[in-house]
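Listed next: structures, encoded as structure tokens.
Look for subunit A in each of the two complexes below; its partner is subunit B in the first and subunit C in the second.
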Partner chain A sequence: MLKSLKREDLLRLLETLAEQYDLQVPLKLPDGTRQLGRYGSGELSLCGPLLQRKPTSLLFPQAELLLSINPDGSVEQPHPAEKPLALFGLERSDLAAIAFLDRFFLCEPADDIYQGKRENSLLIGLTGFAGENSAYLPPAGENCDLELIATADGWLGCAYSAAGKTLLAPFPDSEAKERTEIDQRAAEPKTDSLLKAASRLLREDKVPDAFWQEIADRCILCTGCNLVCPTCSCFCVQDRIRDGKTERSRVWDSCQLDAFMREASGHNPLGTEALRTRRRIHHKLVADVERWGEIGCIACGRCDRTCPTGIGMFAVVEEMINQFG
Partner chain B sequence: MTAVVAKTSIYTPRSCRLLTVEQLTPQEKLFRLQLLDGSELQHQPGQFVQVSLPGLTEAPISIASSPTRTGDFELGVRKAGSLTSALHSLQPGAQIGIRGPFGRPFQMESLRGKQLLLIAGGCGLAPLRSLIQYCQDCRDQFASVQIFYGARSPQDLMFRRDLDSWQIDDNFSCRYTVDNKPADSCFDGETGLITELLNEVVLQPENSCAVVVGPPTMYRPVIAELRRLGLTSEKQIMLSLERQMRCGIGKCGHCSIEHLTCCCDGPIFWLEEVEHLRGAL
Partner chain C sequence: MTATLTTCPYCGTGCNFYLLSDDDGRLTGVEPAGQHPTTRGQLCVKGWNAHAFVDHPDRLAVPQIRRDGELQSADWQQALDLVHDQLQAIAEKHGPDSLMFLSSAKVSNEENYLLQKLARAGYGTNNIDHCARLCHSSTVTGLVETLGSGAMTNSLSCFDETELVFVIGSNTTEQHPLIGSRILQAKQRGAKLLVADSRKIRLAKHADLHLRQQNGSDVALLSGMMRQILRDGLEDRDFIAQRCENFAAFAEKLESYTPEYVAGITGLEPEQVIAAARLYAEADRAMIVYAMGITQHSHGVDNVRAISNLALLTGNLGKPGSGVNPLRGQNNVQGACDMGALPDVYSGYQNVADPEARKKFSTAWGCELPETKGLMSTHAIEAAATGEVRGMLILGENPMLSDANQGMVKKALERLDFLAVIDIFPTETAAFADVVLPASCYAEKDGSFTSTERRVQLGRKAAEPPGLARTDWQIICELLQRCGLKSDYQNPAEIMAEIAALTPSYGGISHDRLQGHGLQWPCPDKTHPGTPILHIDRCTRGKARFSPVDYRAPHELPDRDFPFLLNTGRSYFHWHTGSMTRRSHLLDREERFAFVEINPDDASQLAIFARQQVRISSLRGSITCRALVSEKVPAGQVFIPFHFTEGAANALTNNALDPESGIPEFKVCAVRIEPC
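Take a look at the complex of A and B:
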């Protein structure tokens, strides 16, 4: 059942959430961009362009303490968070990325550090006419606990989990026809068909090594593509010793770096930039399809906006299709 | 509700005591370890552990002893990076951390009843030794066991004492060779590439299975030789692949081989599972 919310209802919902959760909401930054930040710590910006920093970083942070080893060899786990996370204001691609990471980190053997953050957390989608300049954002679907759909004169609430239903219970029911109007706009984005076409070219082995060499020649190894990607999950482990105590953390890593796969023996299965560039694209478009049954790129476009030399996912995919499609 | 965080996580190492250290070659040592809580490691041949030292993170090390030999376990370690160098400086009595065992082991159900060709190069003999010891202790499970080992030079031969004992063991056939021997060496064993040893093998290919553990450069020539010997069907050639396995649970991405992870889907693979994957061999 859809619920109808006015702006003041939505603010009331945020207050309720902030009592129970570590609530992260879209905040406006001085440069006009938006990113998730703690509720109350900045100017709320419900509608606008895609969140610049990937929201998955709140579940899988850039650096995260795994454990501490005391001088006597005993091991301590990090203190648990006081409240579970609630991520508010996610659009469809970001929710798809979280679903992707959930499946990856929680499949056996499960990563219990990620699980600790994700358990009891709450995901709230923000779709409808909530994009930049009221642009239409497609429905989020069941990747969230509840979805708030911006309409011309307010918000529709749609719950997908028990927690979502409880939160929306105080609000009045809506007329069903409004949702129908919204759903009629839910066509497959053009970006998805481009990714599928490129995936097919790679699986059919129609992309020669020379292509990867040419793309790799433009790469400056800044690793930005990996760091902004919401489905990139590679990490390395680092130890830091403070007062005799070893803090062991995991830190995001990049498959574009020479040391990524280099073994202590010197053997390096990804020993050239061409191989590493191919890996970045191939992993999302082929390996993830083999492993998980779907493409690992959620088409958010962050890597294309970040790459200083214009070889983000869609730039490469378009070039690939133009040359070999 | 606040998430419940367990007292340990999948990344928490368990404490072990170093019982003995044996120099195997100028670069390799054998470490015999025991879990401090007195429990067995409960590994299977072909699996590995993550060895943890404070300040130096972790390194994946193959288990060199068979689970049939209870009470302790052994790791054959080449001094190659900062962690293995620090490990080499430890004395008996020291404590180290381990996580695991991890990875897909040798597929014993496919090896039972077969004529086995167990082939290792360089420090690949360490993981293969766990299987060889298992074959020693459960010899009646296998039709025959032939061991082949190659190293670069006489001083690089690991487990010399084991090799010599396997050579005089009536249950085994064991041959080892070195690529080159210095002119002044007193080594009186065989010289030549490991593929030359395989040239002379006599077997019934339909009832044979080969296990290959070696440096990356060894796989293709050895596989070609095994195919020439008639091992051309599926599930006849098993490989142990080496990658930079950082987490051991398939999450960190460093050991991926296309859609597979070496630490969870491997390190033991059937040839047909990986030979078509770019960069696997």
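Take a look at the complex of A and C:
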């Protein structure tokens, strides 16, 4: 059952959410971009371009304290959050990324730090005419608890979980009975077919080493492609000793760094930039397919935007298809 | 998660990013500013890790005073009183010029301004300088003479419009990565790329022509190119006639630089010199990009003059996609110079020897000011070693690792009667101090910083400083107050108001106007939009001046006992003396050991294998580090970055100075290598 919400209703919903959850909503930043931040701490920016900071960073931050070891050997865990997280304003790719990370971090043995944040958390999709200049965003599907779909004159609410249904209960039913009535444009995006074509080329071993060398020559090793990627999950562990107490944190890592795979001897099985560049693409388009049955790129475009030299996923995929497809 | 927009603390590109912090105020990461004109949602690896050192346990958190030979905790009052009493006592006993103040290209404009005011008005000496002496002092001297301004003439957006980029002595993708990437983008869209660098840097892989001239032979190379341009009639005669002076004397000087003569000095083929000349001169809009490979020579100023001559000869000045573009290495080295943290000028390059300028500052500050120009930092270290300089205050610099000839620096620091250091980490220099004052780092304060393209931008506070640490401007205000000078600034915006009132090029700059993307100076009044390109219709000095130069060999070249040429510089993952990057986990992990790049042929001859520990010695010192066998360096040359205290490149380097700019010859000295 779809619900109908006016703007005031939506703001009322946010107030309700903020009482029960640590509510993170899209905020407008000083340079004009948007990212998730705590409700009430900045100017709300419901609709607009893709969120600059990947929303998964709230579940898996760039640097995160895991535990502290006291001088007497006792271990302290960071204090748990007072309220569960609610991430509001996610589009389809954001939700696909969270589903991807859930599968990775929550498979046995589950990552308890991630699990602690994800348990009881709430995901709210924001789709429909909610993109930049009211651009149409395809439906989020069932990767969220509830989805709000921007229409020409308001919002449609669609709940997928019990928590979502409870939250939407106070609002009137909409005239549209099925979401398919508003999902006319939900055909497979062009990006997905490009990724599939590139994946096939790699699996058929049609991309020579020289291609990777040429791409790697253009890489300036910023590591941005990994750091902005919502499905990248690699981290390293950092220990710091402060006043006799060891603080153990985890920090986002990057497979583009030499030290990522370097052994203590100095030998490195991924010892060239070409091999590391190949790995970056190969992992998403081949290794993930073999492990999870699906491509590991959720086509958000962040790596193409953040790459200073134009060798993000789609730039590479297009070159690959042009040359070898 | 809180997001605070600020300016990157590393190189001079001036990228903006958000520092992200959690509910406990702990920094949790960095996100590039998506709409900023330089950043455009992109950063280099150091930018992405710029949060990492901020809360490192090694941060200085309490003032320290040396007692019984050891640095011990003290309170601020005691420490500040001691600093002031000691500096004042030395000035009274030995004269104000027995003091030296080292400011910092890492701190804000406001802090640099206050420190030069403290030196001049508070303690009566023009002995103030900072690390621009070690990087772009040659540029300031050379370009002020030829153009009237030492700053980068064009803007970074010009890379989008240029037809050719000539990169000489700049490893741009490693040292100014977001500028290097713009050069690669220019190349991708069809611009030509000419690279002159003895090392096979990343840009060289993409170059239309890569010249591997001998280190120190740039004047010969550039003169050879200019002679060829004249031979081919590729000069811009209208520009020369209308905008320049002293052409005849300059042209005459070029006569002897035939391709064959130049080939003999540079180690290039004569045809390469001719090809380079034609490639550069045939472009309608060409940008010259240079950095330390040009400036850090005993003839650094001559190198800069030759660069300027080349741009003038082809009319590549005062228009989009052209210009002379010295890339500033530090986040605020441009600003530190602009603010007058130099021995000969007040803020805005107003000369201390000019009675009018002196009167203006004297009236504003309410005190008499010294007339004679002060000591350059390199001369001051020499003077400390001989006992002429007796007291020193060092703000955010680490000369023990950054200055040439570490043995002499050590002797200088040991000999000082009194040394005060203000810093964020216990550096190798702070180990010699009598008083160490803990400062806030970039993430813990507000202030403005000026990037390489003269863009004045804000840095904003995103975290609390550790322990009792204070901002540099607050610390300097305490000393100003003890000197009886105005010290009641409430915030950096008030300091900027004073700077704007006294500095014509910053006249229209205020913190309110810097919200957004900042302003490029000159910005003379409150409605001025800033200046993306300098020298458009006329140069700052009026007519541009051709400055004739002759090739002079480096001070010390390889010989039988020391057969290798040592080149020094920075690596991509570390920053200067490593105090920040070696405390940033991912950056430290990437390069954990001091190393020397050595060509495979040389390594083979010396029976040195990869990752082996080797000993490198020069006339001045000896260090050990790991061998990195690489074709990046040519045979006969080795390269060592100066980040590592345990294998300090500057224990070897030569403090032969350029006679005009006082810059040391970091790029050439002679060394011997032995397996350990």
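As a convention for this text, the second predicted complex is superposed on the first by the 320 of 325 C-alpha atoms of A that agree within 3 Å, B and C clash if a C-alpha of one lies under 4 Å from a C-alpha of the other, contacts with A are read in each partner's own complex, and residues count from 1 in each chain.
Please note the rule applied: a contact is a pair of C-beta atoms (placed from the backbone, for glycine too) under 8 Å apart; a residue touches a chain by one contact, two chains touch by 3 or more.
Since the model is a prediction, treat every value here as computed from it, not as a measurement.
Superposition of the two complexes onto subunit A shows subunit B and subunit C fitting side by side, with no clash. Residue contacts after overlaying the shared chain place A:D253 against subunit B and subunit C alike.
When the two structures are aligned on the shared chain, A:C236 is found in touch with subunit B and with subunit C. By the touch criterion stated above, A:D112 is placed in contact with subunit B alone, subunit C being left untouched.
In the superposition on chain A, contact of A:L11 is made with neither subunit B nor subunit C. By the touch criterion defined above, A:M261 reaches subunit B but does not reach subunit C. In the superposition on chain A, contact of A:I69 is made with subunit B only, not with subunit C.
In the superposed model, A:G32 lies in contact with subunit C only, and not with subunit B.
When the two complexes are overlaid on their common chain A, residue A:C307 makes contact with subunit C while staying clear of subunit B. When the two structures are aligned on the shared chain, A:M1 is found in touch with neither subunit B nor subunit C.
Across the superposed structures, the minimum distance from subunit B to subunit C, using CA atoms, reads 11 Å.
236, 238, 241, 253 are the residues of subunit A that lie in the contact sets of both subunit B and subunit C, per the superposition on chain A. Per the touch definition, subunit A reaches subunit C in the complex via residues 24, 29-33, 35-38, 41, 52-53, 57-58, 61-65, 217-218, 220-224, 227, 236, 238, 240-243, 251-254, 257-259, 266, 305-310.
Across the complex, subunit C meets subunit A through its residues 1-3, 5, 16, 18, 20, 22, 26-36, 41-45, 47-48, 51-52, 56-57, 173-174, 177-178, 180-182, 184-185, 188, 202, 205-206, 515-516, 572, 585-586, 589-590, 610-611.
Subunit B meets subunit A in the complex at residues 1-13, 15, 54-59, 78, 80-81, 84, 95, 97, 215-216, 242-244, 246-247, 249-259, 264, 279.
Only residues 66-67, 69, 73, 75, 77-84, 104-105, 109-113, 116-117, 119-121, 233-239, 241, 246, 248, 250, 253, 255, 260-265, 267, 269-270, 275, 282-283, 286-288, 290-291 of subunit A touch subunit B when the two sit together in their complex.
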